[in-house]
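Each structure below is given as structure tokens.
Below, chain A partners chain B and then partners chain C, in two separate complexes.
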Partner chain A sequence: MTNHWVDIKNADLILIMGGNAAEAHPCGFKWAIEAKKHRGAKLVVVDPRFTRSAAVADFYAPIRTGSDIAFLGGVINYLLSNNKFNAEYVRYYTNATYLINESYSFADGMFSGFDEAKHSYANDSWQYQKGPDGAPYMDPEMQYPKCVLQLLKQHYSSYTPEMVESVTGTPKEDFLNIAEMIGECSKPDKVMTILYALGWTQHSVGSQMIRTMAIIQLLLGNIGMAGGGINALRGHANVQGITDMNLFGANLPGYLASPSDKEPNLQAFLAAKTPKPVRMAQMNYWVNYPKFMVSLLKAFYGPNATAENNFGYDWMPKITGAQDVLALFEQMHQGKLNGFFCQGFNPLASVSHKAKIGQALAKLKYLVVMDPLATETSEFWKAHGEYNDVKPEEVQTEVFRLPANLFAEQEGSFTNSGRVIQWRWAGQNAPGEGKGDMEIMALLFTKLKAMYADGSGAYAEPIQKLHWPYRIPTSPSPEEVAKEVSGYAMADVLDPKDPTKILAKAGEQLAGFALLRDDGSTACGNWIYAGSWSQAGNLMARRDNSDPSGLGQTLNWGFAWPANRRILYNRASCDVSGKPWDASRTVIKWNGKAWVGNDIPDIRADTPPSESVGPFIMNPEGVARLFAIQGMKEGPFPVHYEPFESPLEANPFFPNNAKARNNPAARVFKGDGDNFGKAADFPHVATTYRLVEHFHYWTKHSVLNAITQPEQFVEIGESLAKEAGIGHGDKVRVSSKRGHIEAVAVVTKRIRSLQIDGKLVHTVGIPLHWGFKGVTRPGYLANTLTPYVGDANTQTPEFKSFLVKIEKA
Partner chain B sequence: MSQTMTRRQFFKVTAGGFAGAGLGALGLTPEALQAATRPFKLERTSEARNICPYCSVSCGVLMYSIGDKAKNVEASIIHIEGDPDNPVNRGTLCPKGAGLLEMIHSENRLKFPEVREAGSSEWKRISWDEAITRIATHMKADRDANFKTTNEAGVTVNHWPTVGFLASSAASNEAGYISHKVLRGLGVIGIDTQARI
Partner chain C sequence: MSSLDIQRRSATTTEPPQARHSVEVAKLIDVSTCIGCKACQVACMEWNDLRDKVGHNIGVYDNPADLTDQSWTVMRYTETEQNGKLEWLIRKDGCMHCADPGCLKACPSPGAIIQYTNGIVDFQQEHCIGCGYCIQGCPFNIPRLSKKDNKAYKCTLCSDRVTVGQAPACVKTCPTGAIHFGTKEAMKDYAETRIVDLKSRGYEKAGLYDPQGVGGTHVMYVLQHADQPQLYSKLPDNPHISASVQLWKGWTKPLGLAGLGLIALGSFFHFVRRGRKVAEDEYAAREKSLATVQTSQSDQPPAERV
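On to the complex of A and B.
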């Protein structure tokens, strides 16, 4: 979230699309109700199902799963055609005025630069036109045909209300009604927020769905505003924190890149990752990249990391190729992995295409599951009747199952979706011999370190050099680690303006990332968490919930990253002169001498507006990118592409170009393409979702939750039920190209059948909470049905749109 | 919050044998006085603040456990409710969070390290020492056999390509960081987390 949970109450219009906050995030959703009751805000829900969020909305519209870019592209077209955008915001805070290379083009669904053999784009033509000094050319009037605003207009001109209706199934009047409500929020004193979740991320074009919304929020001038922003409602209680710690092959903590085989040394790595300034006066925050990286290396390798050995850069493993979960299971399926660890992760249930996951796990030599619960993954080898039909004697994998503790037995910090880090205390010990995840990792590490102590074996050096200063080496304490994550001085940290002045003494906790250095004098495990445990103590444990501004900022409750800032890009909540767009919702303002207000300014506090430093300081040009010159695999503007399994033969926007039917830059492994179903065999679209009574595959182990939703079911609309001869309560079999499940049919008015491109399309709704372990009645894992393909950027699997058939069991 | 008494202050004032006087001091009705004389079930518990582990609203919870903290006495949580001081959930919990207590005490909690030997159809209980030793032995054998110091082009890579690790998104930030540090320390590159999904 750019904003945070309580801030939802400051919105005038709340759009829920690609999510269902009332059921998946109930206690956060109450802030939407707060906005409705106390601000008169309107709530709009767009979803394939009439969800419980929709049930309390002011307006609901149905949509075909996977077609959100068509809908939102239609909104962009509406806003630009009807002059419903904040022109000053767009002119000064986005790249709308920038000119794009003459060689850039978009024709018949494809951008310039496509390499058909590799299914990927070269983005050379997606760049700014630049003068001899390297500064981009701009057209402040935004009229030149190659300026971003004109390109945007052109790009979405075909997303007419008629086309929206044909592709999405949303009735034209409903679409226009919503577009009009959104357009109202282009007024400086009207703000919209968007609440989305996995309903947007779990598509082969998920990232671009979110980007389409980001473009809308920028056109409206809603990013940086209280009650605005782009708000991803994340799935797990600490999924934000673990993302921040970047447990991804391709990243290091704090969203730093992992070194790859393309960067043989630290100098090459830093040169490749540190952006060059684009505009002279612009604050370009990533210019500090070397400070963040060297401080991380110091946290990892401690005194062993020195300037002479490039701070241990060689010890850090260099990645080769993709390391996302689909890539990992593909490698495993090919027999290239020998060992695998699942820490609080149940991939047999939560990675797409269960059959492939099970086959892959059976090729391992050893599997280690660390979990509080008996997961399906830990018993992938065990026969559980029709739900897991395997022969144990044929599975040669050695499986270890280690009991881990649950939240109630842990101390340490969690980061909520609004980036607020909060400290937690344990209430009991884990049952039996259970241990914490940190202790289990430390036990494995110290054991291996001892086994490598005699210098035998492969490359023992990084194991021996890893900084392990914890009082009990087999069990580091949460406090010790939290302090390392936040950062401390390894030598005196001097003021660059006056080297006689010491800003932090050796051994002291650092107050924030401004104190990080690239000379080895600071260690910091995650630069965006810097300052969370300062000399003042553990700021994550603060519990002062006072809210003097009334905006719900509660600046002394916990600690928000970065720098305790609650609303990101908040400089953009003011106009160019530094005056808030809406004084009643002042986040910060320029008082003539400094930026002050109700949040930590997202700009240097003493930079006057006259210096025209742009608010988007993480981009070197200081403005937000309506046109993405880099970072997006399938193009600088979002395009509607069909899901990989679609009821349509062709993309209605490009009916004659088969290459533009699906995301051209998506990755499909050999063999997985043959596992995609066709509409002739699997005529209905299906989507998966959560129920309010359950959380993922966990709460089926909790008897209270199991009582409230004991048995697996699927939801179908009345017209499909009639067509297929299925009655309410009948047992049905739902099949995809990859397998089948059986469940009770719930026939409901909540799911409508929609007219898509001239044909009637039915939707099958599949709640995902059942499996063959738990205290509910046993059920099938829903990912038995789902396809093995992900978003081109994130590789998040396409759980939300696929094809099935349904029949009476 | 500073103007009014917090719920926990209220509990303190009304706790135990002073219930009558406490409530009287608060100016409540005699009916409430009578109703409060039954010993309050959380009276002898310890309170710990935590966060619901389900969705990312991360609701504050108050957990009440019994056990007098003496050596060999295990604390056990007997009640969980929303933390009214938490600015996000303000004391509420949803239908998922309402079952937290039953989750903690689920019969499906793992209690001991176990192994399922190759080809076997049963679990076997083992000690932590045996589990860690056997896993570390597998890891070392695989790492020694497959660790790469350079790639085909001669560039230093120093990685271990035949292992993968999926990290928990229900672990604390500190556990996540330590996991990351250990994995990179060993040369692991095949790392992913629930966050992607």
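On to the complex of A and C.
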């Protein structure tokens, strides 16, 4: 979230789309209710199903799953055509005025620069036109045809209300009603928030769905505002924390990149990752990349990391290709992996295409599962009747199950969706032999280190040189690790303006990332968490909920990254002169000498507005990118592409270009393409989702949850039920190209059949919580049905849109 | 609560104690902000140490599908179209804690059902004889007999929590704040603010459900369509204690029995009816005096401790 949970109460309009906050985030959803009760806010839900969120909404509109860009593109077209955007905000805080290269083009669904063989784009033509000094050309009037605003207008001109209705199934009047409500929020004193979740990320165009909404929020001037922002509601209590620590192969903590084989040494790595300045006066915050990276290396390797050995950069593994979960299981499926550690992960259930995952796991020599529960993954080899129809004698994988403790059984930090890090304490000890994940990892590491101690074994250095300063090496304490993550001085940290002044003495905790250095004098396990445990102590454990502004900022409750800032880009909550767009919701303001207010300013506190420092400090140009010159695989502007399994033969926007039917930049592994179903065989659109009664595949192990939702079901609309002869409570079989499940049918008015491109399309809703372990009635894993293709940028599988057929079982 | 707080006992003619001052409490369920998450069901099971069966899905979200001796509250989901718009009405069902409780009136076992001065109607299972009359007497179809011990069970409004100043478990746990608890007056005042909000959003018939046919209730609903309570999974439009409860107890029941049993029961009910009449009169008088007390205390904040 750019904003935070409590801040939802400051919104005038709450749009829930690509998520179902009431269902998946019932506790946080209270703030949407607060906004309704105390601010008179309107709540709008756009979803393929009339959800529990819709049950308390002011307005609901149906949409075909996977068509959100068509809807949101229609909103952009509406805003631009009806002059419903904050022109000053757009002019000064976005790249709307920038001119794009003459060679840039978009035709028949494809951008310039496409390499058909590689299914990828070169983004050279997506760049700014630059003058001889390297500064981009701009048109402050935003009239020049190659300026971003005009390109944006042109790009979405075909997203008419009629086209929106035809592609999404949303009735035109419903769409226009919502577009009008959104348009109202272009006024400086009206703010919209958007709450989304996996209903956007789990599509082959998921990242672009989110970007389309970001463009809308920028046009409205709602980023940086209290009650605004773009807000991803994260699915686990601490999944924001795991994202920040980047337990992914391609990243390091704090969203730094993993070294790859293209960067053989630290200098090459830092040169590639540190952005050059584009405009004068801009903060270009990533210019500090070397400080963050070197401090991270110092945290990894401690005193062993020196300037002479490039701070241990050579010991880091260098990645050679895709590291995402689909790529990983593809390699496993090809037999290229020997062993696999599953830590709090149940991939047999939670990665797409269960059959493929099961086959992949069977090719391992060993599998280690660290989990408090007996997961399906840990029994992928075991026959569980129709629910897991395998032959154990054919599986040679050796499986180790290490009992881990549950989150409530260990102390540590939780980072919520709003980036607020809160310390928590163990509720009780783990039963039996259960150990904390850190202890398990530490036992493993100390054992490995001992095995490598005699210097034999291939490349012992990375293991021997790792800094392991914990009091009990086999059991680091959460406090020790938290202090390391926050960062400390390894030598005296000096003031660059006055080297006689010591800002932090050796051994002290650092107050924030401004103190990080690239000379080896500081260590920091995650730069964005810097200052969370300062010399003042554990700020994550603060529990002062005083809220002088009434906006719910509570700056002394926990610690929000970065720098305890609660609303990101909050400089944009003020106009160019530094005056808040809406004084009643002042986040920060310029008082003539400094930025002050109810948050930590997201700009240097003493920078006067006259210096024109842009609010989007992480971009070198200081403004937000309506047009993404880099970073997006499938183009600078979002485009509607059909899901890989779609009821439509062609993309209605580009009916004559087969290449533009699906995301051209998405990756499909050999063989998986053959596993995509056709509408002729699988005529219905399906989508998977959560229910409030359960949490993923855990709570089916808990009897209270099992009582409230005991048995697997699927939801269908009344017209499909009639067509297929299915009644309330009938047992049905739902099949995709990849397998089938059986479940009870819930026949409901809440799923409407939609007219799409002239044909009637039915939706089948598939809740995902069942499996063959636990105390609910046994069921099928829902990912039996889902396809093995992901978003082109994140490779998050397309769980939300695929094709099925349904029949009475 | 202690015996000092008992206002009425089933099948009892003795005077209730009157020394203590008390205020009426109520739980207010704002259906318009309820998301049907069932946290209240789980909180109820946890607080009261109940564990219903892991049942089946019968084609709807409702689960457990009905109230049982182990499920004292359940969410009931209704899909309806109103003014051309689909609505999903979700009502938390359970004991309404009627001011004039049909269960208590119907109960033949002395002290098996009691009503506290704060309005809570509670079953005292050690006195329950398992006759099921309370079920017949209830206009909301709430009590359920246990097959295990043949005793009737229902929501206690967490009388054990309320007595020590805590809100009921469902109120405490409700994530959206759809369930409120306080004095009945405070709940009515709060409901009024919700009704104003709902009317401003186009629910012209929004209103409070506090049916007078049972003397009002200590569990009330804010409904979007207060003119059509039956929309909400057949919430009665105008609940009242069924005349058949009187008839059943007076005539039909004895006809179903024979000889001595008939005579014995007949005279027993005669006793009960006379006794109840006395109790009713007492109750009316007490209502009046309570109203006086409340008026005089109206400037005080809503009390959690009652």
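Quick notes on this one:
Simple rule for what comes next: the second predicted complex is superposed on the first by the 809 of 809 C-alpha atoms of A that agree within 3 Å, B and C clash if a C-alpha of one lies under 4 Å from a C-alpha of the other, contacts with A are read in each partner's own complex, and residues count from 1 in each chain.
Basically, a contact is a pair of C-beta atoms (placed from the backbone, for glycine too) under 8 Å apart; a residue touches a chain by one contact, two chains touch by 3 or more.
All values derive from a computational prediction rather than experimental measurement.
Contact with neither chain B nor chain C is seen for A:613 once the two complexes are overlaid on the shared chain. Of the two partner chains, chain C is the only one that A:713 touches; chain B does not reach it. Contact with both chain B and chain C is seen for A:693 once the two complexes are overlaid on the shared chain.
Touch criterion met: A:794 reaches chain B, while chain C stays clear of it. Legend: residue contacts after superposition of the two complexes on their common chain; A:26 is shown touching both chain B and chain C.
Contacts of A:775 after superposition: both chain B and chain C are touched. In the superposed pair of complexes, A:703 makes contact with chain B and with chain C alike. In the superposition on chain A, A:371 makes contact with chain B only, while chain C stays out of contact range. Legend: residue contacts after superposition of the two complexes on their common chain; A:100 is shown touching neither chain B nor chain C.
When the two complexes are overlaid, the chain among chain B and chain C that reaches more residues of chain A is B. Annotation: chain A residues 26-27, 30, 692-693, 703-705, 708, 775 touch chain B in one complex and chain C in the other. Residues of chain C touching chain A in their complex: 32-39, 41-42, 45-46, 51-61, 63-64, 71, 79, 81, 85-90, 175-178, 194, 197, 200-201. Contacts from chain B toward chain A in the complex involve residues 1-2, 46, 48-60, 63-65, 67, 74-77, 80, 82, 85-89, 92-104, 106-121, 123, 128, 131-140, 142-147, 149, 151, 153, 155-182, 184-197. Those residues of chain A that touch chain C in the complex are listed here as 22-23, 26-27, 29-30, 33, 36-37, 40, 50, 52-56, 58, 60, 692-693, 703-713, 727-730, 744-750, 775-777.
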